[in-house]
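The following pair of complexes shares a single chain, chain A, combined with chain B in the former and chain C in the latter.
Our next item is the complex of A and B:
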């Protein structure tokens, strides 16, 4: 990896981590504000500004910048060559920064309090939507860069199998392209014209449908960098081999096929769609578990290989011989705990009937914090720790400190989200600025919320500890050593040609999208529907 | 590692099974599940499929399904919306000339039994005029007036009234601070009472100001507000959508109704 490529990756990551820590402070304050022991400063209006900033930063900025940086790094490392269009990448980064500045100013000024999911007919200021569009367009450059690098490599190495890491990053980039189209259509054709006053009404049903297209696939866009770490980093750090290269490829293309045509499950309670389409997308949602189950199998098998190489015996003896003290291994173990619990919650959300019981309650917020901020982010930490020495030429100052940070994050997350789930089942609604805990109905949730606040405190401390660990990395002699990714156990395994490219899978995704989103979107243009008048937020009272 | 063509590509088999799954789940979701025993509101297999895929049932079926127990017959269609947007405000102003002798919020001596309608949303206004004209909401006074309006007059009038600024009544009966969280009426307006299934007034009527689908409650005279709450509680007024106001008013005690009515009249 060239020094210039490293600078590009580090620029993305430093910005990403700085935003992440800002969002942690906001999230902590939000929980404190609606807890039984409120901080005594802030207003409900500021609360919703904070919710908007927290969500927008985490969902669109932190994750996208992290994935872009990681994608550039994996592309450079697995192809063994310098990045091809580095100037363009810096320009895209600059564009994303301008977008970010615009949207943050819009949010802080109080004129964009629409939360990160937009919620039309609420209308934010044009700067918010423009900023978001620029950020996404910046990330589209990364998508184009990754896909072009993939096909350039293929062209230069005819008949050979593409490197697994490059294949996985390309799948991630394609998934993001598919995912972002829905929200991009909503922004360009509905929200931006409304915010500029070119139209005075918005079809909320259509807007929600388009956003649902993005809303679930974006989750897999956040998840896939973590899965790349599971396939490429964890078996290597465990001292073993990756169980199967083709199985890893299959898991990633399955995310492409099943990850996008499932968004209607976010609209199970919405009246604008027929039950048939909700059912079909519900079925697809069930099948999204397939690539995750494949991954769990693959990773367990890879770890077993490592464990047995290290002298493990018996059916489970290999588990204890694994080097659990290494950051990536520890993070994987902790992530598995959180993914297990969060996954069970996910089964409830995707069930058509059970969904109605938890709809719009705190359960949902707790669920996505456990899955995303728990499982995914702890693997982001592992990725950062693993690549840091290569990127900076400095080794981490203390592995012990890294371990403490990872464990605190996991304990904090469990303490934060488990009671939060329970308050959801008890009926606590989400998106509320405060609760009156003196009310007999709400009083039983007070101690649970206080417990969550304690977890939130640990999470905040752990987040700062992460930044501290990265900042304190020491100069070392190992500057020239590039990071190594796991090699498959069978080095000449047969890879079907369909798993060496994306044509088939993109066609399949397109066919599925037409089938499951075609009519639900077309109906808004066929039947007359109501437009809702836009409601500008934060204007003069 | 090499990439080789395989006689039977597993990947292609897989791709076909995804498509097959799509078709099977669609047939199941559109044509099998909808046939499960329901409350019997569907007369035919075809109706059930249409509904499952989100195609509106034809006019005939709609009429058959909704012909019984019509309480709120007023329909907010896309056409009504378009006509409100294109309303002739000048004509609305002319029609309002005959309303203003009674419905004049600027007139401090106005009859407290006549509601302050300034700024009421056009949708709400139109529905009230329709309900008066058809006798669904009854006062002897308003029925002939509403019946005398053409449809276009009613739309123009509603749009004109919606454009009027809403003003508070003068401070004359202010007894408690309207923003004191200890005030029971304040709690009912902003928090409701979950134990009795009473939703906060503000959740439909807006925390203050005007919302599109419910009449404004602040700035009503206490006499008028109390009569409406009492009428809803006794079932003498019944043009509320989904019986929401009747259900809530019945849960309120007589004292709470009069306290709320006073509260609505207070300036804020």
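Our next item is the complex of A and C:
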């Protein structure tokens, strides 16, 4: 990796991590504010501003910047060449920064308190929507760069199998492109005209449907960098081989095909869609678990190779011989615990009828914090730790300190989210600035919420500890060592051509989108919608 | 550096790995099909579907004419021992803010709103729906335990969202005010 490319990746990551820690402080304060032992400062209006900032930063900025930085790094490392359009990449980064500044100013000034999911007919200031659009356009440059790098490599190496890492990053970029189209259409054709006063009504059903297109696929865009780490970094750090290269490719293209046409499951409880397409997208949601189940198999098999190479015997003896003290290995183990628990919760959410027991309760917020902030983010930490020596030429000051940070994150997350799930079942709705804990229904949730607050405290400390660990990395002899990615046990010389490109999978995604989103979107144009008048929200905090 | 330059294993090893992967994949597809079957079967057997009536209404006129004018809001006993509840959600309250329904009776809720998106649930029951301006949300359920339940708005609807809680009383037939055609408990 060239020094200039490293600087590009580091710029994305430092900004990403700085925003992440800001969002942690906000999230912590939000939990404290609505707990039975509130801090005594802040107002409900500031609470909703904080929720908007926390969600927008995490959903659109922290994750996107992290994925872009990681994507550039994997592209450079797996192709073994300098990035193609580095100047353009810096310009795209600058554009994203301008967008970010605009939307943060809009949020902090209290004129964009619409949460990160927009909720029209509430209307935020134009700066909020423009800022988000610029941020997304900046990320689209990264998408274009990744796809161009993939096809350039293929063109220059005719008849060869593309590097697995490059293939996976390209799948991630394509998924993000597919995912972002829904929200982009909502922004460009509905929200921006409304915020500028060009229109005064909005078709709320259509807006929710377009956002649902983005809302679930974006989750897989957050997840895939973590999965890339599972396939490429973890088997290598465990001292083994990746069990199989084609299986990894298959998992990633399945995310591409099944990841987008499932968004309607966020609208199960909505009145603007009938049962048929809700059920069909519910079925797609069942099958989007398939690539995760394939990944679980591949990673366990890869780790078994490593464990046996290290002397493990018997059907489970190899588990104990794995190098659990190494950061990526430890993070994988902790992520597996959180993924297992979170996955069980996910089964309830996706169930077409059972969803009514949990929709918009605290259960949902707890669920995605466990899956995303737990499983995914702990693997982001592992990625950052693993690539840090390559990127900065400095080695981590203390592996022990890294271990403590990872374990604290996991313990904090479990303590935060498990009681939080229960409060949802007991009747806490989500997104509320405070609760009357003297009420007979909410009183039993008071001690659980306090327990969660304790978990949140650990999470905040662990997040700061992460930044501390990165800052304290010291100069060492590791300077010129490029990170190594896992090699597959099965030769990848005979990867089917379908798994060496994306044409088939993009066509399948397009066909699936037409099949399951065609009518749900077309109905708004076929039947007259009354729409609703835009209502500006907010004011000075 | 390339991550993918050849594995060291033999062709036999390749074949074994691919065979195992195929087997696992088939089992997992089977699990998916089984889950789909369960979801479909339970929702059909118990007729448990999400609210999906797709009924359009002009949100600017609900208070002026039609089903949701003030005089129509509340609980109305229908033929055959069923009940219909009509309510409106607006920033930041439900109208009526206190509902009363008979225990063990099929109750159909019909709700809509004039302004922004709201949602409503009754904790510890399966009553849950979004309320989107321009649409009527319809949920049919039955309450088996008498008591006083909370009914919060569960979707962010603006800066006063946290104050949007209503109450629903599930009462025994003997406590039911049969002398009235339409009942609500917020104003007697």
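The rule is simple: the second predicted complex is superposed on the first by the 536 of 541 C-alpha atoms of A that agree within 3 Å, B and C clash if a C-alpha of one lies under 4 Å from a C-alpha of the other, contacts with A are read in each partner's own complex, and residues count from 1 in each chain.
The definition used in the following text is that a residue touches a chain if its C-beta (ideal position, glycine included) is under 8 Å from a C-beta of that chain, and two chains touch if they have at least 3 such contacts.
Only a predicted model underlies this, so the values are computations on that prediction, with no experimental measurement involved.
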| item | value |
| --- | --- |
| Chain A as common anchor, with chain B and chain C clashing or fitting | clash |
| Touched partner set for A:441, first chain B, second chain C, both or neither | both |
| Which of chain B and chain C A:504 touches, first, second, both or neither | first |
| Touching partner for A:515 - first (chain B), second (chain C), both, neither | first |
| First, second, both or neither for A:432, with chain B first and chain C second | second |
| First (chain B), second (chain C), both or neither touched by A:287 | both |
| Which superposed partner A:527 touches (first chain B, second chain C, both, neither) | both |
| Most chain A residues touched (candidates chain B, chain C) | C |
| Which superposed partner A:198 touches (first chain B, second chain C, both, neither) | neither |
| Touching partner for A:161 - first (chain B), second (chain C), both, neither | both |
| First (chain B), second (chain C), both or neither touched by A:491 | both |
| Chain B and chain C footprints on chain A, overlapping residues | 161, 245, 272-275, 278-279, 283, 287, 439, 441, 491-494, 523, 527-531, 533 |
| Contact set on chain A toward chain B in their complex | 159-161, 245, 250, 257, 272-280, 283-284, 287, 436, 439-441, 491-500, 504-505, 508, 511-512, 515-516, 519-520, 523, 527-531, 533 |
| Touching residues on chain C, where the partner in the complex is chain A | 1-9, 13-14, 17-18, 20-21, 24-25, 28-29, 31-32, 35-36, 39-40, 42-43, 46, 48-60, 115-117, 119, 121, 123-124, 126-138, 149-150, 152-162 |
| Residues of chain A that touch chain C when the two form their complex | 44-45, 48, 51, 77-78, 80, 113, 115, 119-122, 161-165, 203-205, 208, 232, 241, 243-247, 267-275, 278-279, 282-283, 286-287, 289-290, 293-294, 297-298, 301, 347, 351-353, 355-357, 359-361, 426-435, 439, 441-442, 482, 484-494, 523, 527-533, 535, 537-538 |
| Chain A-facing residues of chain B, complex | 1-6, 9-12, 14-15, 18-19, 21-22, 25-26, 28-30, 33-34, 51-56, 76-79, 81, 191, 194-195, 212 |
